[in-house]
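Presented sequentially are two complexes of chain A, the first with chain B as partner and the second with chain C.
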Partner chain A sequence: MSLRHIWAITRKEFQHIFRDRSTLFLVLVTPTALLLLMAYALTVDIQNVPIAILDYDRSSLSRAFVQQITAGEDLDLYAQVNTLSDIEELIMHGEIKAALILSPTFSKDLLALNGMPLQVIIDGTEPESGSFAVDHIAWRAEEFINGAVASQIQAMGMQVDSLQPIDLRIRTWFNPSLKPRNDLIPGLISMVLGFPALSVALTLAHEREHGTLEQLMATPIGRADLLIGKMIPYIVVGLVNVIMIPLIAMAWFHIPFNGSFPLFFGLSAIFLFSILSIGIIVGVFMPTQAAALALSFLVIFFPGFFLTGIFFPIAAMPEIMRLESLGLPGTHYAFITRGVFLPGNGLDVLWPYAVMMAGLGFAFTAVAALFFKKKLG
Partner chain B sequence: MSKTIIQTQALSRNFKDNRAVNALDLDIQTGELFGLVGPDGAGKTTTLRLLAGLLYISEGSATVAGNDLATQSEAIKRQIGYMAQEFSLYAKLSVLENLTFFAELYNVEPKERKERTERLLAFAGLSEFKERRAVHLSGGMQKKLALACTLIHQPPLLLLDEPTTGVDPVSRREFWNILTELHLDGTTIFVSTPYMDEADRCSRVGLMYQGKLVECDTPKNIRTQLEGDLIEVLPEDRVAAHELALTLPGVTEVQTYGEALHLLVEDGKTQFEQIESSFQSENIKVKSIRLAPTRMEEAFISLIRRLEENP
Partner chain C sequence: MIRRILALVKKEFIHLRNDWWMPAFMLFGGALELLLVGWATSRPMTNLPLMVWDQDKSAASRAVVTALENTGTFALEEQVSDMAAIEYGLDRGQINAAIIIPPDYSAEIASRNGEPHLAVILNGAESIPAKEALRAIEGVTRDIGEQIVIERLGMDPNTFAGFDFSLRVWFNEALSEALYTTPAELGLMLEFTVLLFAALSFSRERELGTLEQLLVMPFSSLEIMIGKSIPVILVGLFDFALMLSMVHLAFKVPVRGSLALLMILALGYLMVELAKGMVISVISRTQHQAFLLVMLIGMSDFMFTGYAAPVEAMPRAAQLFANIVPAHHWLSIVRGILLKGAGMDVLWPHVAALAAIGLVIGTFSWRFVRRNLD
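This part shows the complex of A and B:
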């Protein structure tokens, strides 16, 4: 281990980053830009979903329900129809995204505590709007049961407690206070910080393609020194993103940052080390930049997207994938970012994740150094 | 007494389906300027990479600068300066930054570094370009910078792989003047080259052919291997003249050289007039005809031709 050699590589790499506009753009601008883009693309606020209502009951209770359903901005009553074929027609023409059918026994069943006989038809070609409609109908139904229905039942002299079963079932479907961005943006940080890792893989492959690696191999530099010296500059530029992203999250998206910033910064440095160590492995094994780019997507971005629990809950994965997700630094970092942003967790809660990330980083770097030979073949 | 700096015994390197270097036996003495020549694909680059510790050895053994090539390649790397065939410095770094970078990798102390860089820049004629980025240098200057980078740790042995390929003749000459100076200072230089005039400037030349060293001697001895003399003919109709020359008695070989023909003859002085009159009697007009000194070029082509005919 020679600090002089590491520093020589690090300084050379910094010079390269700052003199090459495309690299500079890739490491400094892309992560933040992508975060903004993904935050908007993935949390589109759906509003004014047009629906139709077919009310077979036509009681005062069912009319009150219809009114409640369409009281907000979320669902628009496009038409009150009389037959199922009307609904079919409207969905076929794309006029409505969902339809609500109240059975003839709607008010009778409700007041007899037999549940709410409600059918919702959604347009499967646009599942986003459809499931949005389902969620919001369920939410309104809950309000309706707890409000109008409860008071009517009380007026009939019955215990309101017995409404509990209906109430509970609906709650599992909707959480009115949930703002997806609050949860998503901290999770996305681990994704966009994959770009410095991609860059380090590319720079190693670039040196291989341009023969500079051959020249380096002919010098007495240590293998680990070369790899570490290459990682340091990308950790540093990654940390610039780590400072910028919470500022944008707070100022632009009004996401609360309840934890300690120095803690977040420190843990992010560990994450960058561990994700870059994967990038270094890619650079060690791939002969060209094109190959390094392709493999980076396979081992950095796709698993980061699908396996780290940002979008798909880890608990829902098959066991083998759950194990794989534990081997990804992003999984642990997603816990950390969410924990630091929202509940404001400290090191007392987050240390196991930090230890896991550091362990993975050292293990991956060791693998890279082991397989990186100062030979052309 | 000189002592051995490179010694290889049956050194071989196989790639998938070919034997790029085949049982190579080399014995290079300290202070030599050794030129490795041979057609493209003969195994020159593989040989240089093997000696620089950049390739695994398939068979055989070698000692470079007192260290075993198979087991001590890192120790070898501290004592050699290796220059790859393609430009392989950092294009975005300036001349000075490239030199400093390699100085640090070769553990040159900072106080020595400054003095050495200045001297090497002056030596390579790059002093006034030291702030210029490597990418903006001319081809010849890039080669000189690459050479300067390999010299920064004052290695006793230089391994240069076709250092002047793709460089203009003036820069080529300048580059070789630098090599000659280094040679006179006692540095051992092992250089591969496709240019025969460069081979002529070496103290010893090895000819590689299909992975083997088929000839290894001083340029003078290689030249005299070419028995007989050379007659240079500049005919008006090259094809007809070539056909005729092949039939003339005493002509052992005909090589084309641009518009000219080089006839290798057993004895130039006695045959010159006879050949000149043969051209006249066959009505083949000749712009000029002269007795020329034989050079490495003819010797090389003749040797390769013989190898191709009797492999």
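This part shows the complex of A and C:
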């Protein structure tokens, strides 16, 4: 290990990055641009889900029910239809996401406390809006029924205050309105910071493809020095994004940043080291840039998006996948970003994650250096 | 002309064979990863860690805990006996939710006009599981609440049995999560494969300096473009067939509509993506640039496939933009044919939109690439 050698490689790499302005621009801007885009597209509040209603009863009670269901911003009455085949048609064309069918005995059964002859149909091909519609129909239907049944029971001479005697007192910590944006944006930072790792994999493959790796190996620079020297510029590129992203998240999306920024910066540097070490492994093993591209997509981006617990909790994954998730630096970093933004965790909470990332980083770098030697020696 | 195109196609396949890592990763690696991701995430959310602080320790409070356990949503942590433990768990993100049963819970239930309450604390740092936890807890309290009312009024225990509405989920009666997620994941993988192959087609030759050689040979630019396109389309179609049969076998994603129609439309969709990839390919000087552009464009398209958020709920501008994203129409077609069994009579607006987009992008791409090659 020689600092002078590392610095020489780092300087050379910086020159590569700065020489080509369009690459420099893309490398610097891609992570932040992608995060902005995902923030806009993935974290919308669902509302105005179109539904259709088929009311066979046509009583004042059924009309009141329809009114109640569509009173809010959440569900939109797209059409009152007359036959089941209308519903089929509308769902087939994707015009509505759900439909309610009120049977001819709706008000009669309800007043006699026999039950609620209501059928709800949802479009099972729409992941989010379908379950959203079910939840909201259920809430409103329950409100309506509780009111109707309570007045009916009182009319029968019994005393009842409420049909839901249990009072659920809900408090939500760290993100009181449960806005997905507040935790998805910090979580997705771990995905977009995978880009510098790709760049480092490509530069190594690039040198091999162009035959300049031979020249580098002919210099007295050690293998590890070479790898570390290659990583440093991309860690710097990543850290520029680490500064930009929280600023945008706070100023533009009003996401609270409750933790310490220096801590976040330091832990991000550790994450960049560990994710870049995966990039280094890819670069060491792959003979061409095209191969390195394909492999980085498979080991950095796809798992970084789907398997790091940003959208689907790791606790609910099968055992083996949970283990794989722990081997991804992004899993630990996604916890750290959410922890720093929302609960404002300090090092006392986050240190195990930092240790895991650093450990993974050292292990991957060691593997890369070892095989780098073998492949060239 | 056909002979010369064939020669070019052969040349491309020789490249693919020499650098077999790349096609192997994109095709088989991609399909395998799709399988892994589908397996890991296409399931109901279970095992969410939940902490219980039972201050009442009565039969009624234990019934609440058992009911929560029976939902399958939760993995119960050890019972705790103070707030500090809950705070500790929440701060460290060890739990998604905590429930506190107050000491007067059973007494309130027993008294005729009692008002029992339960306190729930959700961990908002993970909003998606927190919502799932809340949904399960609300379901449990609703059921228990009904029973309390029935007992208080001395009614028949089955009084409210008929008050749950009957829910029918069309096209996905078994409520399989895989049917929701795998089409979008498959679409993402396919788009990236085709874009990547197309984007590398010219940028690679330019970077390695072989583009010059290709251009001085007696090929017209049309022949070069067709020669470059055919292998990409073949690879894309093969990839699609491979991944489709995998999700069909592994996750029981049905093919309710016409498979032939799906494959024909897939061919059309791939040509649109190919045209996009070609433009990326000629504007990128290096493969590195090409890849970054593919990632940016591919990910922005993925946002409009309905994976995490429905397009209808997006801001107006984003909805309008979705109409010119080929992947948006493609996913509607895929879901339509696979899950709804839809035919052209239903899908034609999407097919027409795709064709129109393809025409515009294709014309632009063709002129743009030709200008850059000549």
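The rule is simple: the second predicted complex is superposed on the first by the 276 of 377 C-alpha atoms of A that agree within 3 Å, B and C clash if a C-alpha of one lies under 4 Å from a C-alpha of the other, contacts with A are read in each partner's own complex, and residues count from 1 in each chain.
Keep this in mind: a residue touches a chain if its C-beta (ideal position, glycine included) is under 8 Å from a C-beta of that chain, and two chains touch if they have at least 3 such contacts.
No experiment lies behind these values; they were computed from the predicted model shown.
By the touch criterion defined above, A:Ser62 lies against neither chain B nor chain C after alignment on the C-alpha atoms of chain A. Shared-chain residue A:Asp20: touches chain B and chain C both.
Looking at the shared chain after the overlay, A:Glu214 reaches chain B, while chain C stays out of its contact range.
Looking at the superposition, the partner that touches the larger set of chain A residues, chain B or chain C, turns out to be C. Touch criterion not met for A:Ser274: it reaches neither chain B nor chain C. When both complexes are overlaid on chain A, the residue A:Ala8 reaches chain B alone and has no touch with chain C.
Residues 20, 210 of chain A lie in contact with chain B in one complex and with chain C in the other. Interface residues of chain B, counted against chain A in their complex, comprise 15, 49, 52-56, 73-74, 77-78, 80, 82, 84, 86-93, 97, 101-102, 104-107, 149. Residue ranges on chain A touching chain C, taken from their complex, read 20, 22-23, 26-27, 30, 33-34, 37-38, 40-50, 91-94, 109, 113-130, 134-135, 137-138, 141-142, 145, 149, 153, 158, 160-161, 163-176, 178-180, 182-184, 195, 198-199, 202-203, 206, 209-210, 286-291, 293-295, 297-298, 301-303, 306-307, 309, 311-313, 315-318, 321, 335, 338-339, 342-343, 345, 349.
On the side of chain C, the complex with chain A involves touching residues 19, 21-22, 25-26, 29-30, 33, 36-37, 39-41, 43-49, 75, 90-93, 96, 109, 113-131, 134-135, 137-138, 141-142, 144-146, 148-149, 152-153, 159-173, 175, 179-181, 184-185, 189, 192, 196, 200, 204, 207-208, 285-289, 291-293, 295-296, 299-300, 303-304, 306-310, 312-315, 318, 332, 335-336, 339-340, 342, 346. Residues 2, 4-5, 7-8, 12, 15-16, 19-20, 210-212, 214-221, 374-377 of chain A touch chain B in their complex.
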